[in-house]
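Order of writing sets the labels: A, B and C. Residues in every chain begin at 1.
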Amino acid sequence: MTVQAQAPTGHALHAQGVRRAFGSVQAVVNASLTLTPGTVTALIGPNGCGKTTLMLMLAGLLRPDGGTVEVLGHDPVTAGAVARKGIGWMPDVLGMWDSLTCTETLATFGRAYGLSKADADARAFTMLEKVHLADLAAQPARVLSRGQKQRLSLARALMGDPSVLILDEPASGLDPRSRIELRDLVRALAAEGRAVLISSHVLSELDEMVDEAVFMSKGVTLGESAEAEVARARARWRVTALPGHDVHAALSEAARDWSPVEGADASVAVVHVADADDAADLLASLVASGMRISAFGPVGSALEQAYLSIEQERR
Amino acid sequence: MTTTETSPNPTVTAPARKGNPWLPTLHGTFLVTRIELLRRRPSTKGWIFYGILLAAILGLGILVSVLSTAEKTSTPLELVLVLVLGAGMLIGPSLSATSINGDSGEGVLAPLQMTHLTAGDLAVGKLLSSWFVAFAVLVTTTPFLVYAYARSGWHLGELLLVLVVILFLVLTATAVGLAWSAIAARAVASVSLAHLTTGVLVIGTLVLFAFTAPLVSDTMTETDRYVAWDELSDEQSTALEDAYNTGDFSAVDPDALVCDEETYEYGIAHTERTAWMVLINPLVVIEEVSPLVNPLTFEEDGRAAPGIFANVHQMVSSARIGPTEADAQMMEYDECADIATMASGDDESADGGNAYQDTWEQQQEEQAMYPRTPWLGLGLQVLLLVGAMAIVTHRLRVPYRTLRTGTRVA
Amino acid sequence: MTILEEAPPITAAIQATGVARAFGSVQAVQDATLTVERGKVTALIGPNGCGKTTLMLMLAGLLRPDAGEIRVAGADPRTDSAAVRAAIGWMPDQLGSWDNLSCLQTLTLVGQSYRIPAAQARAKGLSLLRKVHLEEFADRPTRVLSRGQKQRLSLARALVHDPAVLLLDEPANGLDPRSRVELRQYVREIAAEGRAVLVSSHVLAELDEMVDDAVFMSKGRTLGDDAARMVAHARTRYRVWSLDVDALRRALTDASVPFEEAEGGAMVSIADEAHAQQALAWLVGAGVPVHRFGPAGSALEQTYMAMEEDRR
């Protein structure tokens, strides 16, 4: 897999203060983000916060009203052709040419990206292998299931060998196994040196997939405050003891920063730990003090925690 | 969706239901019609489009009224009626032909099928809502209709009857569109098929009528007699030439003339056998319910001169009557007999023409006043309406037994 | 809630036995058997194209089964589909709304379609809009709604007539994270009111927290007791993370505890919480630096993965 030489600035895509209105509706107010080659960045926000609009602007399909976007050092507004060449975009709507086969669909896009016929066919074949659709290569797109179409859509986004991949809700509608496969595929694409921006609503899954997260709310990307929130959430451990054991007292005794869990008794608490070593130390000391602990680990999804606390403030 | 919120939860009372009803109900039909009309509230662009359409209709109307003379004429009225029928038969099916497969594609059909609405409610409601839009076209033409009617020589009852029939024809075309929408998976297909059906009825029937004429033709032989000029003596030729020039045939001895006979074969179409093809044409149905105009006495009758409809009626009647004895007689030409008649002095030369003229006028009057028969056309329309609605209702009934190929429930 | 008072003594709101349905030559559902009880949330889980949606359509009385028996609130959808539809609130997987109509208008009209008087339908619509946080959109056309908002409107629409049984086909698809959390709570609330809920979803981790029962489906068949046993088994799997993985595995091997290797630690089988506590105390006591210890993720997901290995 060949990826073009990266822009000298060290980032694949950089957006600063981007905004866009549709009529009187300000879809994106002020969005800034940076994608680094080899990393997966999540774009997280509630329905209608402007994620898709932002992605369209990054992909060079929509002109921002203000702000700057730079893809591999090019501005999609003034140098659209060059910028789009570096970008693979997977839309949130599934559009396929029903009567074309998978290979034909991909090869046609390959030709549209300016590949020769032979190259386009070869690349189509490689991409189908990559997304595990090789055995359906000769089937028309209409017989594909939703998950298979989703993978074909991803393959289509990869036809131009992009350095930047923008995936809008790629897991939407996928069954559990396909979700896991998608996760692995995205990680593999990042490992090849591509920069990936991915949006999803299932934060527990993003937790395992992404390196960075950009939170968005009402058209604004939340910068460092959100990062701090994620870091805080990653350091929150839940301690569960057998019923009737007072974890709260034990944690207070150990002079720990802890909080009770809503709707649970004193046998459950959430405690702040600095890192894994600190967690191991805490567990050892709790067990040594005779506390009967049955579960000990991070509180659910860090991204979800962060998301919910950020959203809480904004309501 | 938070648990903490204590919003009042109003109780609702929905009646219990049994069985699997499908017949339309008044309440359900009304509700579906309302929903569909609310959904079709035009956007700004839509209003602009309708404005242009209305302006076009009015403009055309004004143009016709300016160009026409002050005397009574039914042509403007007939044009408006044809326009209303045409617009209705385009708009109604266009709307209805997307309203089942389109809704299903958008995912808004099945949620309604889940409610107490029956298949009949949905079918009739969708039919009426599309039809109302076509009805609105009629309403927009009212100003010009009133003007055109005022000088048409028609009676009010006659106009109302034609309007009712037009609305009925549009209703049927709309129902056919709805049926295609229930059958075809894609909106593109059902809209094309709906317009194709209308096209077959309006143009196809005429084409078919024209093409089937040879199949119902009989071969007739006809004998013409001519004076054999070559065999006449010089005196005879001179006398006959003079007679033709002066109109005085007294110097000609008809018995001495030598005559040649020539026999021709020609085909006559027994159009009375294929006239039904024309009668099922919606335009013909309209014409067949509009008033008869006697081409000889229209002025005394207080009518305008025969317009498009009256002329079409005459043509249709001629097709229905088929070839007659009089036609055959008029075809034959016997120069010798004519000369004999004129030489005997019984008849003036103009009288021969008069006899011909009388026959022709009689025939015209007979055709023009031939009884109207919209029944075949209307009967077919009733069949189409009932059949289409039966298909629609059947295909809307849940639980589905079969689905349109390549579609999902929803 | 009137539902509770009227509820007949039987608790099964949906009872389906040996249901089958083919589309042409494609056998979408081959043999589906399931029971959905009042007051409980039941999950319907399976890969794309396994027949979940077709089964739900048959339960909803929209599609006629080729074979098998279905009873919804005591009625047979084949002969008494009106009664079935009256008892069911169905939220389809496809998002559809009348673009031109406002949210409140939509709910009112759907209510009236159930022959609820207009005033009542309107009041109910308003309260439901409040419930799904769309009250600010009550008078705005549905075309301005985002995907997640439409999804919530669709849920409200399914509840307009106070159904005794709720069928939710992928209700969380496209919902944002907070709405997903709220949906989970709301579904639990609905069940607590005595209604039966059947819900399908692909995000098994979320279902874990929401459902009482699970029905797995594969290639048109529901998997009965096998799958239930596998879920029970999956619930006994614990995962241990240690700073020193080797020390952990050595300790387990020395004590001849069977385990599977997992990234950063090991998987072990533990019957219940009390045993878990003992196991953890023993490991820590043996000097293994454990920093994470708990049930191994989603029981439903593990079952699904174990069951679905032969997908291709």
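Going forward, a contact is a pair of C-beta atoms (placed from the backbone, for glycine too) under 8 Å apart; a residue touches a chain by one contact, two chains touch by 3 or more.
Keep in mind that what you see is a predicted model, and the values were worked out from it rather than measured.
Treating touching as the only link between chains, describe the layout with one word: line, ring, star, complete or other.
line
Find the chain most remote from chain B, comparing centres computed as mean CA coordinates.
Looking at centroid distances, A is the chain farthest away.
In terms of Cα-based centroids, which chain occupies the most central position?
Closest to the centre of all protein C-alpha atoms: chain C.
Taking each chain's centre as the mean of its CA atoms, how far is chain B from chain C in angstrom?
Here the centre of chain C sits 59 Å away from the centre of chain B.
Just give me the whole-number Å value for how far the CA centre of chain A lies from that of chain B.
64
When the centre of a chain is set as the mean of its C-alpha atoms, what distance in Å lies between chain A and chain C?
Distance between chain centres, rounded to whole Å: 25 Å.
Would you please write down the residue numbers of chain C that are in contact with two or more other chains?
179
Which stretch or stretches of chain A touch chain C in the complex?
Interface residues on chain A, with respect to chain C: 44-49, 135, 145-148, 169, 172-180, 201-205, 240-242, 276-277, 279-280, 283-284, 287-288, 292-298, 304, 307-308, 311.
Sort out for me which residues of chain B touch chain C in the complex.
Result: residues 1-3, 5, 7-21, 27-28, 31, 34-35, 38-41, 103, 106-117, 398-401, 403, 405, 408-410 of chain B touch chain C.
Please give the residue numbers of chain C that touch chain A in the complex, ascending.
45-49, 146-149, 170, 172-181, 202-206, 241-243, 273-274, 276-277, 280-281, 284-285, 289-295, 301, 304-305, 308, 311-312
Which chain C residues qualify as touching chain B in the complex?
Contact set of chain C toward chain B: 1-2, 23-24, 53, 57-58, 60-65, 77-83, 85-86, 88, 90, 92-101, 105, 109-117, 120-121, 123-124, 127, 130-133, 152, 154, 157, 160-162, 179, 182-183, 185-186, 189.
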